[in-house]
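Let me begin by presenting the structure, written as structure tokens, before commenting on it.
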Amino acid sequence: MSVALVFSLLDYAGVFFFAFSGGMIAARKSLDPFGAVIVGAAAGMGGGTLRDILLGALPVYWVNAPEYLAIAAAGAIVGYYGSALLTSGTGARRAALAWADAVGLSVFCVLGAQAGLLAGAHWSIAILTGVMTAAFGGLLRDVLVNDVPLVLREEIYALAGLAGAAAYVFGHMFALPGGPLAIAAAFLAFAIRAAAMRFNWTLPSIGKLD
Amino acid sequence: MSVALVFSLLDYAGVFFFAFSGGMIAARKSLDPFGAVIVGAAAGMGGGTLRDILLGALPVYWVNAPEYLAIAAAGAIVGYYGSALLTSGTGARRAALAWADAVGLSVFCVLGAQAGLLAGAHWSIAILTGVMTAAFGGLLRDVLVNDVPLVLREEIYALAGLAGAAAYVFGHMFALPGGPLAIAAAFLAFAIRAAAMRFNWTLPSIGKLD
Amino acid sequence: MSVALVFSLLDYAGVFFFAFSGGMIAARKSLDPFGAVIVGAAAGMGGGTLRDILLGALPVYWVNAPEYLAIAAAGAIVGYYGSALLTSGTGARRAALAWADAVGLSVFCVLGAQAGLLAGAHWSIAILTGVMTAAFGGLLRDVLVNDVPLVLREEIYALAGLAGAAAYVFGHMFALPGGPLAIAAAFLAFAIRAAAMRFNWTLPSIGKLD
């Protein structure tokens, strides 16, 4: 499998799973199917759009690649109607949403870091563009439906994206081969996020002040 | 009337009416006049700003065309002080806001689709830029004052913008003359939105899940 | 001190103090330290990022200047842990946040106006880019933690930024020397904001309508 193909497949997967999470949350909020596509497209395409704007890669990637809109719409619709099939209740639906979100997060932190490196940014900035690409779609999704964003509620979230982005950036410094490196870095982010979800890991915060 | 003049007049009308809706909502939320201008300018100029950013037409259009800021400020002030004159009560004010919003939506879905086509985007993407241009100003307005966005509350809203954008894009494929086509497509969007408001049309949504 | 140095120091100060305000609000909302850095970086770097996007100065400034991320992270961490040291209670913490925010506002209204003039914008637009640069970081900070934005709650806020931006733009028209002019304009904005905070100045708003 060529490196370019690996990156394309990761990208499509990220768009689909984030859009799926958007469709699920739209169902939870009783939006109509069209609203589900809006929220799903924002979730799936928001991160890469922000990345392209910040780095000046305009027009943004999906303007000349309409397949992304189709993938996002498909993911949103599957998530929207699929959530009604999860008859085991709220817990199962919330878990499915969180797992789909974790896949998108893991993939996009790597793709965002790669885009930063390609644009010639400093390693710390490439990690930042990775985290922003990974977190922004979900942030937009949650703000649109008026939820407190998962990235601020969940303590090991941006941190998982940061780990994936940093692994990719440092692996790149050591000239590791791009395709396997990207997959390994995405798996690292996913493993951290999954462990945090499974074992309820948290970071120490200072106590309540007000 | 030249085609360019038609598009300019539609654009000015969209900015004015969206800014008017922003001024009205600022009055409802008891903001001061300066806050009304902020919300009005965000509503009137937000959609076109997002369109220009996504398509890479930078600096954004109003940087070199200060008349847009003047039109937005005027619309916001008229909406802000005008809302106090609607002494027939809350219902009349909400209706005036929704009708002004519908005018902006109808005009901007066409202008956004046209900008997408001019940038060489695929027809499906030109429709998307139309819907985003139409919906983003109102979305920004509602998020700023902490309301659930009209585009997510109202079921036939983005859909009306989609119809107007699609009509423009398909008419353009058949080489229909630009000025009349733009006006007809905007009227189509307005008619759908008006009928949805008048007759309380809704889309089927899946039931409450949680 | 050279003019370029004055502008750099103002810029660093604005990033630091806005990030400090973001760290303090993150502590109030019981976010973890990593969330504090996210909110702080959004507050400190959001305004300049929007300015660069609107004016087309891409990639945005911090992509090739990683020191800004370091300054923002430092400001956020100091604000986050510092807020626990203000044992005199909620009032002292809210005041510290508001004063840090006022410093950022005062500095960024001038830097945003200068960027608008450099891009060749009309004087009214340079004032607008000044106000937007000054207000957007704090807006993003407040939206992220789900507060009503200070810029919409506080009546003499955007107005203070407007005064600073206008003073810079008009001073520039009269060819006043850049460094002292920037400092004087920032002080004007700060003095207005400080007086409004100290004496609870408000603007007349129309009464409650709904």
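Letters A, B and C name the chains as they come in the text, with residue numbers starting at 1 for each one.
In this section, a contact is a pair of C-beta atoms (placed from the backbone, for glycine too) under 8 Å apart; a residue touches a chain by one contact, two chains touch by 3 or more.
Here's who's who by UniProt: A, B, C = Trimeric intracellular cation channel family protein.
None of the values given here were measured: they were computed from a predicted structure.
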Copy pair subunit B, subunit C: interface residue numbering same or different (half cut): different
Degree value of the rotation bringing subunit A onto subunit B, based on Cα positions, nearest 5: 120
Euclidean distance of C-alpha centroids - subunit B vs subunit C, Å: 29
Sequence positions of subunit A contacting 2 or more other chains: 53, 58, 143
Subunit A-touching residues of subunit B, taken from the complex the two chains share: 53-56, 58, 116, 119-122, 124-125, 128-129, 135, 143, 148-149, 151-152, 155, 158-159, 162, 202-210
Sites on subunit B touched by subunit C in the complex: 27-28, 30-35, 38-39, 49, 53, 58-60, 62-64, 66, 69-70, 80-81, 83-84, 90, 93, 143-146
